[in-house]
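Chain naming follows the written order as A, B, C and D, and within any one chain the residues start at number 1.
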Amino acid sequence: MSLPNHLNETFSPEEIQFLVENEPIRIFPRITTRQMVRANRQYDEFDSNTAKQDMKWKLITMDDTSLNNMVAMKSTQVTLWVALILKQQAKCSIIAPAWLTVKELDRKIQYEQTHLDRFSEMPWNWLVLAQLLFNKAADDFHDPVHELRSRVQDLREIRQSKVLKGLQYLNESHLQLDNLSVLEINELRPFIIGVMDKLRDMHAAAHSGSANEDQDIDNYGDDRYVEAGV
Amino acid sequence: MGYYDIDDVLTDSAEIPCTFNHTIPGLGFLQGNPGKSINKNTRVTLPLWMSRMLAMVGGEEDGEDIPFVELNTPTVFSQKVINAIRASPTSLDIHSLYGHYYDMAIKWIGLFEDEKFAEICSELLLQRSIEINAHANSVMLNIHSNHRPSNLKYSGSNKGPTTIQQVTPFLFDIRRI
Amino acid sequence: MDIDDILASLDHDTTAVESLRSDADNYNGSSTLLYSDLTYNDSQTKDKQNPNTISNSTATTSATITTSAQDYNNLIELWRNERCSPELLPYPTKLLDRILPRLQQQMEYIESLSMGFISEYSQSSKLPLLCMEAELERLKFVIRSFLRCRLKKIDKYNFYLQSIIASSDTDSANLLSKQESIYLNKHSQILLKLFNNSILKHMPVDLQAIQDTEGSISMVDEPKWDQFVFIYVKDLSTQSFMVTIPQLNEEVELSPGSIYVMRYSVIRDLLMQGKIQLI
Amino acid sequence: MYGDLANKLILEAKRTQHLNNRNKKCAKLPTYQDDIIKNILKEVNQLKRNAEYLKEQQQLGNIESDAAKCQYFVSLLCMERNKRCLMAYQKLRSDMLDSQVWSSDGTDAITTSGSGSTAGQDITDLSTHEQEYLREYAQLVTEMKSGELTDIDLTGSMVPPSDVFIDVRVLKDAGEIQTEYGVFNLLKDSQFFVRQSDVERLIQQGYLQKI
């Protein structure tokens, strides 16, 4: 098969990270890319006069305006994977999202504990984003990263245990699952779909169809006899 | 499902106890007597792929269309086993009973449009799957958080499980109209 | 200059935390997908009873001027849809006709940059080049994964696809790219040859068919139309959608911004109209 | 009993599938079950002769019509079952061959005249028809890769790119290397920021270490 087996059921964790990396994030650049002199040249008409200038950002999957107008220490918004490369090169610091502080996470945990009937509202990418930033931009947090990490872990576990308790409501009809993040969904997908598909098949087998099938099968037999002239 | 699906091909080979409603010459090989006939009311086990068809097509007897065979409930679907599973759906290992238990159950339910059995099986499947999943998850949680042994401090909560039962539907909002 | 920047310039080496915004409830986080005008085709004529029909896509993503950023976001959405849907979705001819040349130009551009002029730049100004290369790899990956997922389905449903393509005139015209139809035909051909040589030609004549749908089990596998899928109802307006699960005689209201697990057949029309996406 | 051989074949297929699923990389195919398959085909043709005979006897009025119908039906079902098992077995194997072609990742899937191997596949474990199929499919995939999709590298990695560029430390002197980013002199303990694909081999050989 042209798609490896393990990618048939759900996305790989790497693919989920890839999706999250396409999202915007705010940074403080440590470089300035805004051209002070107006450069009215085409990118592809490069010649020796302009070669000494800084290279322009020319990207084909995103708006590159903000990258070409970075001013050191003036916050701007870029795509996460670009931010991570800049960060790796010590060319920016990443501004952690508002919910990724000890205080905010404590509030979320509090919410999860007091509202056993629902999930707190978290961005769709919270878990992956937190892990990425912990690993690649740990020095950009005000709060100690180990405290943030453990709170994220707590939050994940509380939500996970709620999910587990909710699984008994799986059925052959449908589910609504608001406020679950992309990673949480991806992890649940094989289980939920596996069980619901079977529940649906059992229900379908017991109800509709069989009458028609009977007919088909009768015909099937008869056709064959006719064909064979028995 | 699907013609080329190995699991489905295997499920179709499940042995079903059958009773012949007619005496058929030449089918003795089905019970290990090649060349002989098979007599009316003989009980044999036949694979699902054969028995299900023979149970649907038949010959005439006393002016009535009677299928070639009558299907009898396989042991794994017998009342006795079902009761045992229902009594403790999570402890009895269905897979050791039959590798494709639920797939076979789906086919069996379809043959008789047996709603009651469908409900029982659905319940079994759900409880059993949740049990297995919970086990897998607890292993995962422990791996994730071995630096923090108190990782499950919120899961029980102080309100007790009944509260969770009452409120959980909001998590999985099954809005049925 | 805004206040953030003034504060930042006062406080050089530490970072501020992004001011609190209530951005939590939007599943997509960013607004990127809100502007997506992605639809597979205009499916007013869709017939629920016949999920095989794919109506023609005259008006795809061309109503507004599409930027490369929008094209990329659409591609990502199509990739996710394709990966999650049981059936093969229509090939996005127009979208890829824009993206593929762009990719090629960019490769040439990068090559021209890195060939002769790279030594002229300081280390720091190589950054854009690094990112451009990284971007290229990312884009190539998505297209590759998308196309290979499609090839997998083309293989899986080869006989089924051949039969619907043969039986309908326009409906299936947008299903495959030119190259994909060549692939479908050639692969079916060599597969058939293998089946013939190793099995079928040694069988009695009346058992030699490869597309026998009359036997106790049809030899032509169809997509599992009722397979459960995860959907996200796009936040395009406040309008909810009513869908019906015919097998259960149930109606379900799908509200914008919500996530559901539904049978594919039930939400197929909404998917084709770009009202929901598979996640 | 009719169908027993086919069952054996399907159990063999299940084992193969199981091995394949356990392995993220595609697994090798075990030996083609030539003998079982030949015997199943024999069985099918035997069943066919039985059916023909039954038809004759019935036309001659030698046996009761319902009985003939049932016997005939059983033969028919056995033939169909055998066919399905044979087809499913062959399909599983051809699917796995497809996977091998895709995962051979740009390296030539097949060397000429069947003497070569793909991804460790022992070519002698394949039937001659499978060998032919493998060659033709590899050819088809090569054709798919060309044309407007050349840039995409269809057989490339199915893992999303991460860290296209990496920092490396030189563990032992490796002399100069030429990349698109200029010439690097790899002196022990020096550090460089390089394209991962440029230095993959040096990392494997132990000259460089990813930081």
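Heads up, the rule we're going with is that a contact is a pair of C-beta atoms (placed from the backbone, for glycine too) under 8 Å apart; a residue touches a chain by one contact, two chains touch by 3 or more.
All values derive from a computational prediction rather than experimental measurement.
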>> My parser should flag the chain pair with the most contacts; which pair should that be?
In response: A-C
> Of the chains present, which has its C-alpha mean closest to the combined C-alpha mean?
Replying inline: C
>> Please tell me the distance, in whole Å, between the geometric centres of chain B and chain C computed from their C-alpha atoms.
In response: 36
> Using CA atom averages as chain centres, what separation in Å is found between chain C and chain D?
Replying inline: 26
>> Distance between chain A and chain C based on Cα centroids, please, to the nearest Å.
In response: 16
>> Using Cα averages as centroids, what's the distance between chain B and chain D in whole Å?
In response: 32
>> Can you list every residue of chain A that touches 2 or more other chains, as numbers and ranges?
In response: 1-3, 7, 15, 18, 85, 89, 172-178, 203, 207, 217, 221
> Among the residues of chain C, which ones contact at least 2 other chains?
Replying inline: 103, 126, 130, 134, 138, 141, 145, 148, 151, 155, 215-217, 219, 224, 250, 252
>> Residues of chain B that contact two or more other chains, please.
In response: 3-4, 49, 53, 57, 175-176
> Can you list the residues on chain D that touch chain B in the complex?
Replying inline: 1-3, 7, 10-11, 13-14, 17, 54, 63, 65-67, 69-71, 73-74, 77-78, 81, 84-85, 87-88, 91-92
>> Under the stated contact criterion, what part of chain C meets chain D in this complex?
In response: 100, 103-104, 107, 114-115, 118-119, 126, 130, 133-134, 137-138, 140-141, 143-145, 147-148, 151, 155, 179, 183, 186-187, 190-191, 193-195, 197-199, 202-204, 207, 215-217, 219
>> Show me the residue ranges of chain B that touch chain C in the complex, using the header's touch definition.
In response: 1-4, 49, 53, 175-177
>> For a test of understanding, state which residues of chain D touch chain C in their complex under the given definition.
In response: 37, 41, 44-45, 48, 77, 79-80, 83-84, 86-87, 90, 94-95, 98, 102, 127, 129-130, 132-133, 136-137, 140, 144, 147-149, 151-154, 156-158, 160-161, 164-165, 180-182, 195
> Can you name the residues of chain A that touch chain D in the complex?
Replying inline: 1-7, 12, 14-15, 17-18, 85, 88-89, 221, 224-225, 228-230
